[in-house]
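Shared between the two complexes below is chain A, which pairs with chain B and chain C, respectively.
Presenting the complex of A and B:
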């Protein structure tokens, strides 16, 4: 029976990234995917004839440029088109738009507050500075602060040296940034509610925290770290939907001789003598490999796909206590035409980017309170985009595809489990909210796919539908992610690795966990790249 | 100007407990010290007040749990009259049906737990041991002046190295746990380890007492650790009641300061810190009187010290911005009830009424109470910490009468619509909440007083009515408390120092900030 050099469980973008790096280094790698299609949560799917849905992740920016170069993703079909700003529609009929053009942006902020227009440049400079500091850490393995190995000591020393290099003022600002709430951070700069509300949106996406919770400033940053064509903080659409990201990774992987098997669900990771030796598929078939690499989140990997006897008890306890909270939902909508948004003036390019209706931080925080109480936000945060305005391949001529990300949606409802009726009620809440700002919206809907946390979990395998495979809170970042002492992509079982977003530096279509895991594996294999 | 009589080595603005401690240390070192207190008696927020004729209560702080044993020894507070009426206060988490949980001080276990859960007793003991080990590490750093980042000074570098080494010395497992848990929220930690809602609610409430956090807010484990650094009678994490109320503690401190040669002038509010040739050289009182000194030490909070007493004209704009951004939004109100007899609580005997009583039946209860506060509303079902000090100390009230002193959360500093109209409603809400556990309480009330954060601000001159002089958040701690560049008790102006809770290590009647400031001042004096 064939023994692969490596088995990767899950053809999400991180699994494919790891697989491609290993195959490129000459290893014989197979990727096993439960679904009949690849991509995990980075997929393009035709769920309504003629329309392409990016039905999970929907925008692209965090993908590390180093990975795009190493794996030659553009040559394998990835094209990212930047979009031009966003807009928040306000309850009073006004709007607030952001633009890539600095002067235009400044004028728009000044329309709401002259003070804030002045402050925005300082805010931008500080955020960028924090991004630069953290960005260097994305593609490095977190050092273990408890270890005395030279490698960890040097790693710590390197961070300390870079930190010290920031100078006194910036050092303090950096520490503050990592620990404070988004609201406190924005309050330092801005006075206008809508400006703060618009900016705070990114601090809650995918997160079971409100903008008033300490630690949420970091999530804001996490979403700012992206870059498109070297322009930091900008976002774009993958041409052809997010499936183009996983598609190009798969093409790259296969060009190095890799093998992908879809519709192959892994039921258990086989461990013999404390070594991972292969996997058992749900049909009973076994696939053997010299190592097993899991792209699944840690709960699914260790708690669901392994025999507890194969793992240290303490480790399993910590895995079970790792916080992966479902907090998001999604609607994918096929539209018969372009909906009117009367509050957005003609020609405002914000329409092509992210559109919101949450015009204050309190709006977001109250949404979070509903989540804590076990109900979806009655006034949800809605991140809607119409990618077909930028990428005409997504919908038939004259028609449009709309992606609607919704925060907050709890996996456990206070009044019983999710069912079809509740899903429909949730969808109605969102559609009604959009219709408040778009009179003809409802008439244009041809098809709407409503996704609760469980729908996301059932399709992608993400526990509770958490898009980051684990909360991005301080206790779960860097050397604490996913479990203190196991933050270097190695599991407590030999020849078993983790490469998903449960590991440093976390979620988003970034590829960094996948690339980092590959680097550690090649280090263990003593393969030089 | 009479140089000799009106000339001091140091003037301390504010006779709160930290100011008095600082005065005592400086006095013992031979300095001529003057403490200027605005109120009629020293003590600040840890003084007694007679809120109704014959009824004396600890004005703001009402439980002694953090007084530093070294400070207590150095100042010989016992010989100056400090005695504990109850050296090891128990905490009783109240249940409406009378099935309460009792535990010692903070987190110790008790058999009543087994009523609720088979495993909680052992798990709580484990959690307590871990938290106390981490708390002990914090405590070691509380007694030292924080280092400054990014300087070329070797003493700063050595202090940082010491910090790193102390964390390493915890051992691999505890160190990992500490690095993880400090940023956690208390709700997660409790839900991971414990079952009983009542127990989790009580500990969760302890973690957010006096802070602008709910149990689900990250950072709330830290504020519990802060409380656990305290001790009473040598028992870590324990709570105590001083005989004669908290005023007895500050009276003993004032006596110690005077014994060390310090002068204390009450009724003397300071209007301005005087600056000459870029250094602080004295103060002007509100009466216009000018007093000179080599150095000025402010026990006032940082916002008052830098923005009001000193004035931004002497400071960098960046520094002023940081001071303005210190978060000082108080959330706790203080309720005082004068009672014509001992109230009856369901399931408690008269002796148990002398313990600390908590109304925080679950984590969700506390979190929901917190929700209101975020939007400038008061909690409609508040979480409450109560003591009836007269059970152990009858002298505080007229014969046969009693006092109920409570911290009621959450009462936001900025209430929508203002506190003036809402005060009575909120008192009623609090009394109704307590009455669910103590039927018949209402009939016993003969006088009532509520101090909202606004009142506390006005009365005790703490901005936002925040009893820590600034939120105890990770970004406002240690070398960043109160603000970077002023976290070593020295202001960015020669001759000016701070010694209040706004500096490291924060609030609670500890006296450590006062002691650390004195250390720093004496060290600077030597190098001068």
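Presenting the complex of A and C:
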């Protein structure tokens, strides 16, 4: 029976990234994917004729340019196109837009607060400093602070040196930043509620924290870390939907001779003598490999796909306590035309970017209160976009695809499990909310895919529907991610590795966990690239 | 009315009323004496329109000569290095022409409108050279630059835009072909040509109908993401496509004031445009000689480490042997590579090891020097299949 050099479980974008790097280095690699299609949460599907949805993730910018280059993703079909600015529609009928042009942006903020208009530059410089500090760590394996191995010591030393290079004042700022709440962070710069409400959105996306919860400032940064062509903090679309990211990775992987098998669900990772030797598929078939690499989140990998006897108890205990609370939902909508948004003036290009209705910090925090009470936000935070305004491949001319990301949506409801009826009620809440700002919206709906955390878990395997494969809080970042002592992509079983977003530097369509895991594996294999 | 020289530094193109009302950056440049928009709203977004939807670019300032008369074909065969006898009416070709020393004077496109009826479009003006080399031929050569309004519609949805404007069958037009349509009684010539390296068309019309054409395009184009584009975005697409530009990759043969600054077609990667079998043409003897003895330079694409454009950097080999110069450079948003077009001394373009460029970046009162290694690659950095597909795709 054939023994592969490596088996990757899951064709999410990280699994494909790891697989492509290994195949490029000459290894014989197979990727096994449970679904009949690839991509995991980086996927595009046509659920209504003529329309392409980005069913889960919808905007692209975190994907590391180094990876695109190494694996030649543009040549394999990836094109990232930026969009312009965004807008928050306010309850009082006004609006707040952002623009890529600095002075247009400044004048727009000044409509709401003259003070904030100029404070925005300070805010921009500070987030840039923080991004610059963290960005260097994205494509490096976190050094283990308890280890005396030279590479760990050098790694720590490097961080320390760069940290001290910031100077005293910025060092304090940085330490505070990592644990502070988004609200405290924004209050340092801004007074206008709508400005803060607009900016705070990214601090809660995918996170079971409110904007007043400590640690939420980091989540904001995690979303700012992206760049499109060196322009930090800007976002774009993958042309053809997010499936183009996984599709180009798959093409790259296959160009190096890799093999992908879809509709191949792994039921169990087979361990013999404390070594991973292969996997058993749900039909009973076994696939053998010299190593096994899991793209699944840590809970699904260790708690659901392994025999507990094969793992150290304290490790398993920590895996079970890994915070992976679901908090997000999504609607994908096919529209018969462009919806009107009367509060946004004609010609304001904010509508080609991210649109929101959360015009204050309180709006967001109240939404979080509902989540804590075990129900979806009655007044949800929505991150609403119309990618077809920028990308002509998403919908027929004149028709539009709308992507609506929703926060907060609990994985378990106070009044019992999710079911079809509750899903429909959740969808109605969101559609009604949008319709408050767009009178003709409902009439234009041709089809809507409504996804709760329950649907996301069932379909992509993301436990509780947590979009990051585990929350991005300080206790679960860097050398603590996913489990202290196991942040270097190796599991406590020999020849078993992790490459999904549960590992450093975390979730989002970034590819960094996958690339880092590949580097560690090649190091173990003593393959030089 | 064309203003008198004392009245205006720059002339207005037939689209000026439209372009000036849309140019919200108020950034204009000088293109052959015409006011030409550098950027309408944002260079990036205009660039991405060209790469993802469609971009509209006013090419009216391009120098245009009408070349007609019973000897027009044989005249062009003498002037250009390329065999023009093979070029039939309805076709467009890219061509270069040289001086007697085999050095390139300029490059351009030649439109074969009919039997012995051509239009030559180029960056620079060359009337004296064209007329002098026509002595003895029965041809008439006229500068018709101001007599034609022209727009480029470039990008993946460009065919769909033109189809929506009523140009029936446009998708079947082959690359480097031209055809005619009627636009409200005006004759509209459309060629499948352009400077972006993507699917795209150029539209040529009587200046009196310029605004009609612009308005019609913008109206139907709104559903297809059509957006006016300035010359800065065009320049990005030009480099990605690996096209050379007069005054950048080479200096027009009659203008350099220093010796040794000229380049032959071979030295510009244009050897494929030289046809020694067609009989005599200007520069033939020198080019034959060069073929035998070898070229001094090679124009290459470079893939450079990092993301800082290496514009006008020296190219080095090994420790510090200077082997060339970067002519054009940019971070390519589409290829996600730091690309450049460089002129290298031969044979350094062949040994792909140990090449590097010195990039200087000025940041907050400090020069940072980046030693970036680089590799010679095909200079057609971007060349998607949709550029060549017939029938053309919709998106």
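The rule we apply is simple: the second predicted complex is superposed on the first by the 529 of 529 C-alpha atoms of A that agree within 3 Å, B and C clash if a C-alpha of one lies under 4 Å from a C-alpha of the other, contacts with A are read in each partner's own complex, and residues count from 1 in each chain.
What we mean here is this: a contact is a pair of C-beta atoms (placed from the backbone, for glycine too) under 8 Å apart; a residue touches a chain by one contact, two chains touch by 3 or more.
Nothing here was measured: the structure is a model prediction, and the numbers come from that model.
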{"item": "Overlay on chain A: chain C relative to chain B, clash or fit", "value": "fit"}
{"item": "Touching partner for A:214 - first (chain B), second (chain C), both, neither", "value": "first"}
{"item": "Touched partner set for A:413, first chain B, second chain C, both or neither", "value": "neither"}
{"item": "Inter-centroid angle chain B-chain A-chain C after superposition on A [Cα, multiple of 10°]", "value": "130"}
{"item": "Partner chain in contact with A:74 - chain B first, chain C second, else both or neither", "value": "second"}
{"item": "Contacts of A:323 with chain B and chain C, given as first, second, both or neither", "value": "first"}
{"item": "First, second, both or neither for A:239, with chain B first and chain C second", "value": "second"}
{"item": "Partner chain(s) touched by A:82 [first = chain B, second = chain C, both, neither]", "value": "second"}
{"item": "Contacts of A:172 with chain B and chain C, given as first, second, both or neither", "value": "first"}
{"item": "Per-residue touch tally on chain A - higher for chain B or for chain C", "value": "B"}
{"item": "Distance in angstrom between the closest Cα atoms of chain C and chain B, superposition on A", "value": "21"}
{"item": "For the chain A and chain C complex, residues of the former touching the latter", "value": "65, 68-69, 73-75, 79-82, 84, 100-101, 228-231, 239, 389-393, 397-398"}
{"item": "Contact footprint of chain A on chain C as seen in their complex", "value": "41-42, 44-45, 48, 51-53, 156-157, 160, 164, 223-225, 307, 331, 333-337, 395"}
{"item": "Residue numbers on chain A that touch chain B, as the complex places them", "value": "145-146, 164, 166-169, 171-172, 175-176, 179-180, 184, 188, 209, 212-215, 321, 323, 362, 365-366, 369, 372-373, 473-475, 479-480, 484-485"}
{"item": "Chain A-touching residues of chain B, taken from the complex the two chains share", "value": "148-151, 168, 172, 175-177, 179-184, 188, 192, 213, 216-219, 318, 321, 325, 327, 367-368, 371, 374-375, 473-475, 479-480, 484-485"}
